[in-house]
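The next block holds one structure in the form of structure tokens; read it before the comments.
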Amino acid sequence: MKIDYTEYSPNQRIAIIAASELVGYKSCFVGIGIPSDAACLAKLSVEPELNLIYESGAIGALPLSKSYSTGSPSIAHGADMITDSLSVFSDLQAGRIDVGLLSAAQIDKFGNLNSTVIGDYDEPKIRMVGSGGAHDIACLIPNLIVLMPHDPRRFVDTVDFATSPGSGRDIKKIRDQLNLPEGPSILITDKAKFIMSDEGWLLHSILDSFTFAQATEGLPWSLKPPISGPIETDPAIISALAQINY
Amino acid sequence: MKIDYTEYSPNQRIAIIAASELVGYKSCFVGIGIPSDAACLAKLSVEPELNLIYESGAIGALPLSKSYSTGSPSIAHGADMITDSLSVFSDLQAGRIDVGLLSAAQIDKFGNLNSTVIGDYDEPKIRMVGSGGAHDIACLIPNLIVLMPHDPRRFVDTVDFATSPGSGRDIKKIRDQLNLPEGPSILITDKAKFIMSDEGWLLHSILDSFTFAQATEGLPWSLKPPISGPIETDPAIISALAQINY
Amino acid sequence: MIDKTSTVQDAIKNNVNAGDNIFIGGFGHLIPFYLSHELIRQKILDLTICRSGADILFDQLIASEIVKKVIFGYVGNPTVGLSHSFSRAYKKKSIEIEEWTNQSIIMRLHAARMGVSFIPSKILQIGDKPSNISHLKQVTCPYTDHKFSAIPALKPDIALIHAQCADKYGNIQMWGIDGDTVEGALASDKIIVSVEKIISNSKIKEAPEKTVIPSHRVSNIIELPWGAYPSYVSGFYSRDDDHYIEYDTTSRDEDKLSSYLKNWVHDARNIQEYKKLIGSTKIKELEEGLCGVKNED
Amino acid sequence: MIDKTSTVQDAIKNNVNAGDNIFIGGFGHLIPFYLSHELIRQKILDLTICRSGADILFDQLIASEIVKKVIFGYVGNPTVGLSHSFSRAYKKKSIEIEEWTNQSIIMRLHAARMGVSFIPSKILQIGDKPSNISHLKQVTCPYTDHKFSAIPALKPDIALIHAQCADKYGNIQMWGIDGDTVEGALASDKIIVSVEKIISNSKIKEAPEKTVIPSHRVSNIIELPWGAYPSYVSGFYSRDDDHYIEYDTTSRDEDKLSSYLKNWVHDARNIQEYKKLIGSTKIKELEEGLCGVKNED
């Protein structure tokens, strides 16, 4: 089925691509926003087994209306289980949660994510919200998918502050020494999918309806042509989109 | 009020004396048997503020019928709160529980308690139940009262196995170094009350109706006359006795 | 048993001292707005405030200049944006911060709650560490030789939390999303709790599994219905998302924020005044809104 | 979602291997007798069994010669007396033991459940240490220089537990006394659960606070009403104290114990047979007896 992706908003496109990546997983650590939307979309379509886990302690919910906080009523409503945050982070640290989705204000070539400061830590231009659970997820989750709107200002060579550690050759070596999982392996924008390599992000594939130039426009990394053909989307994901009230 | 203590069973007498010792405490770590009976008796009479805490996680119960296990229905029934054992032991380790009551198969001069083996550890004459929570309570509770029926076979110079560590000069020195509380400070039998000193147990006082000879008969420690007059019992404790279904 | 019910004024006056380290409960759900506002009304100074994920209540306490230090994993207005008062104070250096992550704050509280001075963790060994926690130490497992960060215990002087119900003795019942509220309370030396409703002890005993803090740990109980507004209380009322959204605009502007604080904090001398500010239309809307699991009674 | 309901035979056959380390749930309450008896019926050998405080179910497993090692804090028949099969096997050296305390077993499970290889504790630094844990290591807090024992993680291969309810997907609901049941289950790699009653997922969602284990952690669910007898299930039936008392006499004598095991374990090929053995008089008595907090439905 030929899909015209330009009919969907950038955030919807990210959720569509991300949903495909969640096939085969049973439990997903999600935050509010695009991560939550992507996980809901997957559960409604290609991966009904997926249990959504929020750091607030809610497990098994499928929030279809706008939620502002990971502790919002819409997250509690419809949950199969409500436990505490310690329990969820314990599961995370014990390797009991399969996959995580993260976003951030800045991302760099090695998948380091910044949600702390723009500028210098002690004299910042913008002081942001801090890690929340992002650092913890980036350190601990066995499979990490990063979701970023294609906004060139947010893509940098080196993040101002590495709130959530990345991957690639050097960081992976330290991760190995510390018995930590390998870190971010997939980056999804609203136009393309990237995969992590020893040298940093590699362009993996581009969403149908977009060109190589569009998919890489303004990104600071030297990008080779995609290593794979266009991203195919299961039509079930597109059909499920209507159920999510963005 | 003159009380004829010989009208009461040895276990009842222990509970009566122990109840007096619980005045002023708000929370008490109790096990099943005489400890539980003594704490109930205190709560029914001289210390209504006392919250009984069982290692099974039940808090605030007042079991008036025979309970076999710390997890028995009678312990859950009437509890104000049921949490888990980790939570109770965490409170214990954090110094958040005021007082504990323990019993054991053997006790020695320095308040070491044995509930593990009679004889050698690897080749025992009798293999008993092990520590349960007894070691943990003896290490951690700020105020520890030991309850022992006056059975000379159970009073020894040195226990065969120190399941639950005692006190006295040498052990207290190690306890200080480890930031542990001082260990058992009071021993109650069915005839007398002892207090811990640097040199081990000191006879503190004797229950009315009993003589010095009776209170010390068969005990292996060289015992001086009591340092205080006879134990006085608040008549409210005696009145409350009828409510406990032994 | 002692009756621990109190007025909000007495509970704060008798238990909180200038300079205290205060854990503030509520993780999206059950945020103790009205109870914590009393710190502002009584102008108790030099406070350290701590929790994992903090929202606009922290912003209000910081804006009121009673906070000396913030220990946190996240401070913001979830989905809506930044905590502007926090950002301003940080840039002006009028507050100290100690910046962790949500998991590490929770593990710090858990260490204190378990009575140990640290617990090992796999986090905070890679990535940039804020300068204020760059002294974080490592510890080696004596069995596996693996390296862990040593997460130091955080034992607040006092916890302020909001819950659904309590009896007058201080047995606290809570359901729905907890986050780190109970862990933080149990880690603290003293605990003050505002509740939607004071119920009988026999009602407590009917559902002892709902009790999350036992009476002997609690210093005072205050009945403050709607005390968690604009956050929510499962079984009672929903979250006022609009209030949070408008607060973003308000808090960008220091003058607007001053009048917000005068209105919602300083002049709201009792919980009835606070309810009046919310307004009956909004109250009806939030009572009928989605609010997690209803009270089963 | 996957339907995880199973027969007790398949659940054990497909998930338990000879030599496994098995956590067995139940702390006075909710002891998984019938489910664990299946280990005996299938004669799965060389097992390690672990929990904090264990009662006569451990005695039965040991008597059945399928246990190689016992990791425990307590093994006995609470108030009634000793675990005679345990004592005999220990003296004959036909089992290995690893003897801890209740708190240390729970902290060992908690370390595994938190994903770290040890946690510090103040216990097990004084008093006699059993020869099998005399290698226990110390750790020094890098902040305070205080010494702690390093409690090593205990991560069982599988947990067998009993609970009140579950849906067919494996969301487990439990209330009443837990002890270390949930902690031990969550520490384990696999979890098998027998329940009094399988309920709908929508019923689960009505009270998500009662859910203690989420579906994705559970391998199989088996509906086994009365499966926790002679222990009890809050809201369903009371504890048969007499059975425990009589078991003391039975288990002192190896022949008597053999016929007990034939009767109550080997010949009880399904849960209906087990119920028949309990008998309708006793069932009525225990259903009417004190049994903690009733099911609220």
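Should a chain be cited, it is by its letter among A, B, C and D, assigned in written order, with residues numbered from 1 in that chain.
Here is the rule we go by: contacts are C-beta pairs under 8 Å (C-beta built on N, C-alpha and C of every residue); 3 or more make two chains touch, one makes a residue touch a chain.
Note that the structure is a prediction, hence the values are computed from the model and not measured.
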For chain B, the least number of touch steps when starting out from chain A: 2
Chain A-chain D separation of Cα centroids, rounded to whole Å: 39
Centroid distance [mean C-alpha coordinates] between chain D and chain C, Å: 37
Centroid spacing, where centroids are CA-atom means, of chain A and chain C in whole angstrom: 29
Sequence positions of chain A contacting 2 or more other chains: 58, 76, 82-83, 92-93, 140
Residues within chain C bordering two or more other chains: 114-116, 121-122, 146, 175-176, 208-209, 293
Each pair of chains that touches, named by its two labels: A-C, A-D, B-C, B-D, C-D
Chain D - residues contacting chain A, complex: 1-2, 112-116, 167, 171, 186, 201, 204-205, 208-209, 211-217
Residue ranges of chain B touching chain C (in the complex, touch as defined): 26-27, 48-49, 51, 53, 58-60, 76, 78-83, 87, 90-96, 140
Residues of chain D touching chain C in the complex: 114-122, 137-139, 141-144, 146, 148, 150, 152, 175-176, 206-210, 293, 296
In the complex, chain B residues that touch chain D: 32-33, 55-58, 65-77, 82-86, 89, 92-93, 112, 116, 121-124, 126-136, 138-140, 161-165, 171, 174-175, 177-180
For the chain D and chain B complex, residues of the former touching the latter: 27-29, 52-53, 55, 72-76, 78-80, 82-83, 86-87, 90-91, 99-104, 106-107, 110, 121-128, 130-131, 146-147, 175-180, 182-183, 232, 234, 238-239, 241, 244, 289-293
